[in-house]
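Each structure below is given as structure tokens.
Shared chain: subunit A. Partners: subunit B in the first complex, subunit C in the second.
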Partner chain A sequence: MALVLLLAAAALPFVVSNYRVFQLTMVLIYAIALLGLNILTGYNGQISLGHGAFYAIGAYVTAILMDQYGVPYWLCIPAAGAVCLLAGFLFGLPALRLEGVYLALATFALGVALPQLLKYKHLEAWTGGVQGITLIKPDPPLDSILGLKLNPDRWLYLFTLAVMVFMFVLGWNLLRGRVGRALIAIRDHPIAASTMGIDNALYKSLAFGVSAMFTGVAGALGAVAVAFVAPDSFTIFLSISFVVGMVVGGLASISGAIWGALFIQFIPNVADQVSKAAPWAIYGALMIAFMYVMPTGIAGALRLAWRRLQRRTGRGSQAAP
Partner chain B sequence: MGIQRRTVVAGGLALAALPVAGQPKQYGPGASDTEIKIGNTIPYSGPASAYGTIGKVESAFFKVLNEQGGVGGRKINFISLDDGYSPPKAVEMIRRLVEQDEVLFTVSTLGTPSNSAIHKYMNQKKVPHLFLATGASKWNDPKNFPWTIGFNPNYESEGRLYAQDILRTKPNARIAVLYQNDDYGKDYLKGFMEGLGEKGKGLVVKTATYEVTDPTVDSQIVTLQSSGADTFFNITTPKFAAQAIRKVADIGWKPVHYLNQVSASVGSVLKPAGLDKSVGLVSMQYIKDPTDTKWASDKAMQDYFAFMKKNLPELDPMDGNCTYAMAVAQLTVQLLKQCGNNLTRDNVMKQAANIKGFQIPIALPGVVADTGPNDYAMFQTMQLVKFDGKTWQGFGEPVAVR
Partner chain C sequence: MDAFLHQVFAGLATGGIYASLALALVMIHNATRLVNFAQGEMAMFSTYLCWTMLQAGWPYWIAFVATVVLAFVLGIAIERIVIRPVERAPVLTAVVVFIGLLLILNSLAGWIYTYTIKSFPSPFPSKAPFGLTMVSAHELGAIGVTLVVLLLVYLFFRFTPLGLAMRAAAQNPDSSRLVGIRVGWMLALGWGLAAAIGATAGMMVAPIVFLDPNMMTGVILYAFAAALMGGIDSPGGAVAGGFIVGVLENLVGAYLIGTELKLTVALVLIVGVLVVKPAGLFGRVIVQRVRGRSRAWKPSPPPNSRRSRPPRSREACAAGRSAGRSWRSSCCSPPPPCPSW
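So, the complex of A and B:
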């Protein structure tokens, strides 16, 4: 099942226009970022309103490495992930003392502050200040693959898809095991969790670090796909979009990240087409509708529908044990 | 990517409606016998959504133009999309315009960051990227970016304008300069220094900078005054400009005060600074000021006010963004007229780089749009203006800036 989906996803760029390929690449990138945020908020219960900052750090690390040091783009991705892992872990340490809305505000501050810090004049030599950094889109290493012609957009999509699969497998392994259970235990009942022998402080900062790493990897891919970074690309609105995507997609759900990414990529465009005058009103209305109809997110609703279908067919054939 | 070319054999009927008969018809993407597609991205939402006004005026302008028959019998399909002042969004929207809607060219894409993000793409794709709504000087780079032409008089040219005025009127001036420490400020300063030339550089006795994050520029003004300067070039954004004007008056410094056009708004800068303290300021204009009563009998302005009242009653016609949009739209029509029946991207670019002394109706008389294949700066002439306590008054003829 997963393999079929993956093959279909890999075949997609060869049947749609380059512009759509670019949009779909952004969907994959957002999905990685949303999975990262979901590890922190959905699984561990720590609310972050500033994940755009980690996305920005990932993007800037990549842009600076590519632009100033000529590092190939594929090497920049793990580098950006490592930097964000560290940044997230360090930010997670003081954030441990903050809970709920207070943590939300602290991360919000991070999201608001970072775009301005990027403009700071002593960093300008690296960040390019307000003007940002323009990058060159990587060329595909092969002209064609299995007889299908590659171009920079298609190649980048496939590359992003591979990274996404890798990150999702990583996330899945992390969350389905001991670590995942520990994270959920801390979310549901921190005191009970610590009595069970879980080191709350360590796991919480670790969750912050890993979450930041996922988002940073997404940011790095985003920088390569858009081929441009500037402080204005990473305003607080990006962070808010991530929260929206995560909740709409489904909290504490891995597949929810993909649904959420589709939502934040395409719904603003749909809203814009419905009404030029008030696209955000339409967007808001759609968001409320989604929340009302699917309170557990798109992934949750699908899971529910799937179970119901199974029960019905199971009863019909009586094959279910 | 090669330019798609299609020569259509002229049919008698189709030709009858066209003004330039006989010229063979050539179409690139987005152009046909009946339609010309023009793309645009602008922030209708987000932090800079005030600029969305520009897109609204342009859309309304082309709608009215279509009702009157379009250009050369072709309707303008002006596709204007929201980029929320976010560079990645601008990239996505521009790619939609180029790859999906297949526009012939884009106009009036707004903001230095957004345009920087699409700069390389447009030039790689060889899509005319025209009349950008930003004043950075980097858009005038025909050698490396032959497909991009800005609209706003760039900061460097404006800096040169003031420098030349100083050399003309006060060759022994002692000049002080205050500028914002970023690309915008440095662009102005660069033009100003070039304008002064080797000999004139010695006239600058003191420069001071400030950061956007500074609370005030009071101390900088005091430092500049103590240098004994009698001429002051004020390169600041609105908030700081108001502070500077007020401080200069308060400490009794009476220099010849040049104020950059960025902050020349009467409502948002001079009023807060104090109109009495602003008397005598020198600045630049290139579009007619809608608040200025001397244009009450001017045909272009009357048309403009009528147009706004009829089609966009919800917008304030006194808003400089509206007159600005009008100027861009009028220039776009001139471009299309120049292209005639040869509507390929190559020819659009050729014509855009060959606008010869066109007087945009809503621009100041004598301030003409003028480009050449080696110089993409749209406005080579600008009007110096002086503030009389109520409005900006032009003095002298529009000056050519070299």
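So, the complex of A and C:
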């Protein structure tokens, strides 16, 4: 089942237009970022309203490495991940003292502050100031694969897909085992968790670090895919979008990250088509509507539907013989 | 020295506006455990309504009162229609609904009134009274209006039966329902009041920042910071926090680093304060006990008590309250702490 889905996803760029391929690449990138945020907020219960900052750090690390040092793009991605892991871990240490809305404010401050810092004139030599940095889209290493023609967009999509699968397997492995159980225990009951021998401080700051790493990798891929970074593409609105995507997709759910990414990538376009005058009003209304209908997110609703279906078919098969 | 005092007064004027909005945030938080992200946009929308009335030729103060009343009604309507369905939903679900509300209000304002920046009149004379030079009349007026609003809110909660009922509904919904208080309507009233307070803040800040759909973005951020700095469950703290943040913001901007990084430095300072005092300057420290069952997804009230202060008797509580303590110092039965999220 998973393999079929994967093959379908890999075949997708060869049947749709280049612009759609780019949009789908962004969906994959957002999915990685949302999974990162979900590790922190969904599984560990620490609210972050500033994950756009880590996305921006990842993007800028990549852009600076590519632009100033000529590092190939595929090497930049682990580098961006490592930098963000460290940044997230360090930010997680003071954040240990804060909870709930207070933590939300601290991360919000981070999300607001970072774009301003990127514009700061003493860092301009590195960041390019307000103008940002323009990159060159990488060429595909092969002209064609299995007789299908590759172009930069398609190649980037496949590359992103591979990274995403890798990150999702990594996340899945992390969350289903000891570490995942420890994170959930801390979310549900910090005191009980520490009496069970879980080092709360370590796990919480590690969750911050790992979450930042996922988002940083997404940011790095985003920089390569868009081929341009500027402070204004990483405003607080990006962070808010991440939170919206995570909640709409489904908290504490790995597949929810993909649904959420689809939502934040495509629903604004839909809203724009519905009403040119006030597209964001439509977007907001859709957001509220989604929450009314599916308070546990798309993934939660699907899980519920699946369980109901199973129960019904189970009863049906028992009644049949 | 003159310049310094001028900065302080300007800070107090904007601080008063932050204080009003922060108070609105705290009111909604105390009633529902939620931080209303759309508070600023609600205030912005009310200010536009006031602008419409002024364009129609109404005198300022009549338009002012009409706007406050209208904002009150709209606040109730929003609670009844939009917020009620997610009252019992997980906190982040409610947060997304608030964000949706924010986008809707912002976009509607842009659609109806366009995004061009409009000037908004100040009701106060252009020259300051008593020949003061370091403070403008509007700043003095804004401080005055803020203080009047705060006093009214205090008197309302402290001395009217309705105010008492609202406090009771916020503190202990179940018991309040048993004694015949309509808790749902009390929450709606709280929203209405918060919206009305926000509307006055919007009308006071509009002459300074000018009127456009995004005028509240910076203001609500500082108000949010002010509320948290004072402690999100403490109304007095929110007001103090508002003035502190206002003065801090102005002084930092004027003397340390210029306007470019003003927001950043102010926020970093506030977060610094929070790291030292995680429940805010005046907030209650909540001590939590381990209970048998997880309360992860439902905001049910776990037992908790004030650190270093055993639960007091009802009489002691009443005594404490009549001794003029803050109008929602909840010593009998502390409200549930902010659920894990």
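Some points to look at:
Criterion: the second predicted complex is superposed on the first by the 317 of 321 C-alpha atoms of A that agree within 3 Å, B and C clash if a C-alpha of one lies under 4 Å from a C-alpha of the other, contacts with A are read in each partner's own complex, and residues count from 1 in each chain.
The rule we apply is simple: a contact is a pair of C-beta atoms (placed from the backbone, for glycine too) under 8 Å apart; a residue touches a chain by one contact, two chains touch by 3 or more.
It should be emphasised that the depicted structure is a prediction, and the values quoted were computed from it without experimental measurement.
In the superposed model, A:86 lies in contact with neither subunit B nor subunit C. In the overlay built on the shared chain, the residue A:94 is in contact with subunit C alone; subunit B does not reach it.
When the two complexes are overlaid on their common chain A, residue A:279 makes contact with subunit B and with subunit C alike.
Applying the stated contact rule after C-alpha superposition, one finds that A:109 touches subunit C and leaves subunit B untouched. Note on subunit A: of its two partners subunit C and subunit B, the one contacting more of its residues is C. When both complexes are overlaid on chain A, the residue A:247 reaches subunit C alone and has no touch with subunit B. Counting contacts by the rule stated earlier, residues 116, 119, 279-280 of subunit A appear in both its interface with subunit B and its interface with subunit C. Only residues 44-47, 81-82, 84-88, 91-92, 95-96, 98-100, 111-114, 116-117, 119-121, 181-183, 211-213 of subunit B touch subunit A when the two sit together in their complex. Listed in rising order, the residues of subunit C touching subunit A in the complex are 29, 35, 82, 85-86, 89-90, 92-93, 95-97, 99-104, 106-108, 110-111, 221, 224-225, 228, 232, 260-261, 263-264, 267-268, 270-271, 274-275, 278-280, 288-290, 294-296, 338-341. Note for the complex: subunit A touches subunit C at residues 41, 45, 47, 94, 97-102, 104-106, 108-109, 112-113, 116-117, 119-120, 187-189, 191-192, 195, 240, 243-244, 246-248, 251, 277-281, 283-288, 291-292, 295-296. On the side of subunit A, the complex with subunit B involves touching residues 17-20, 22-23, 26, 116, 119, 121, 129-132, 134, 136, 222, 226-233, 235, 237, 272, 276, 279-280.
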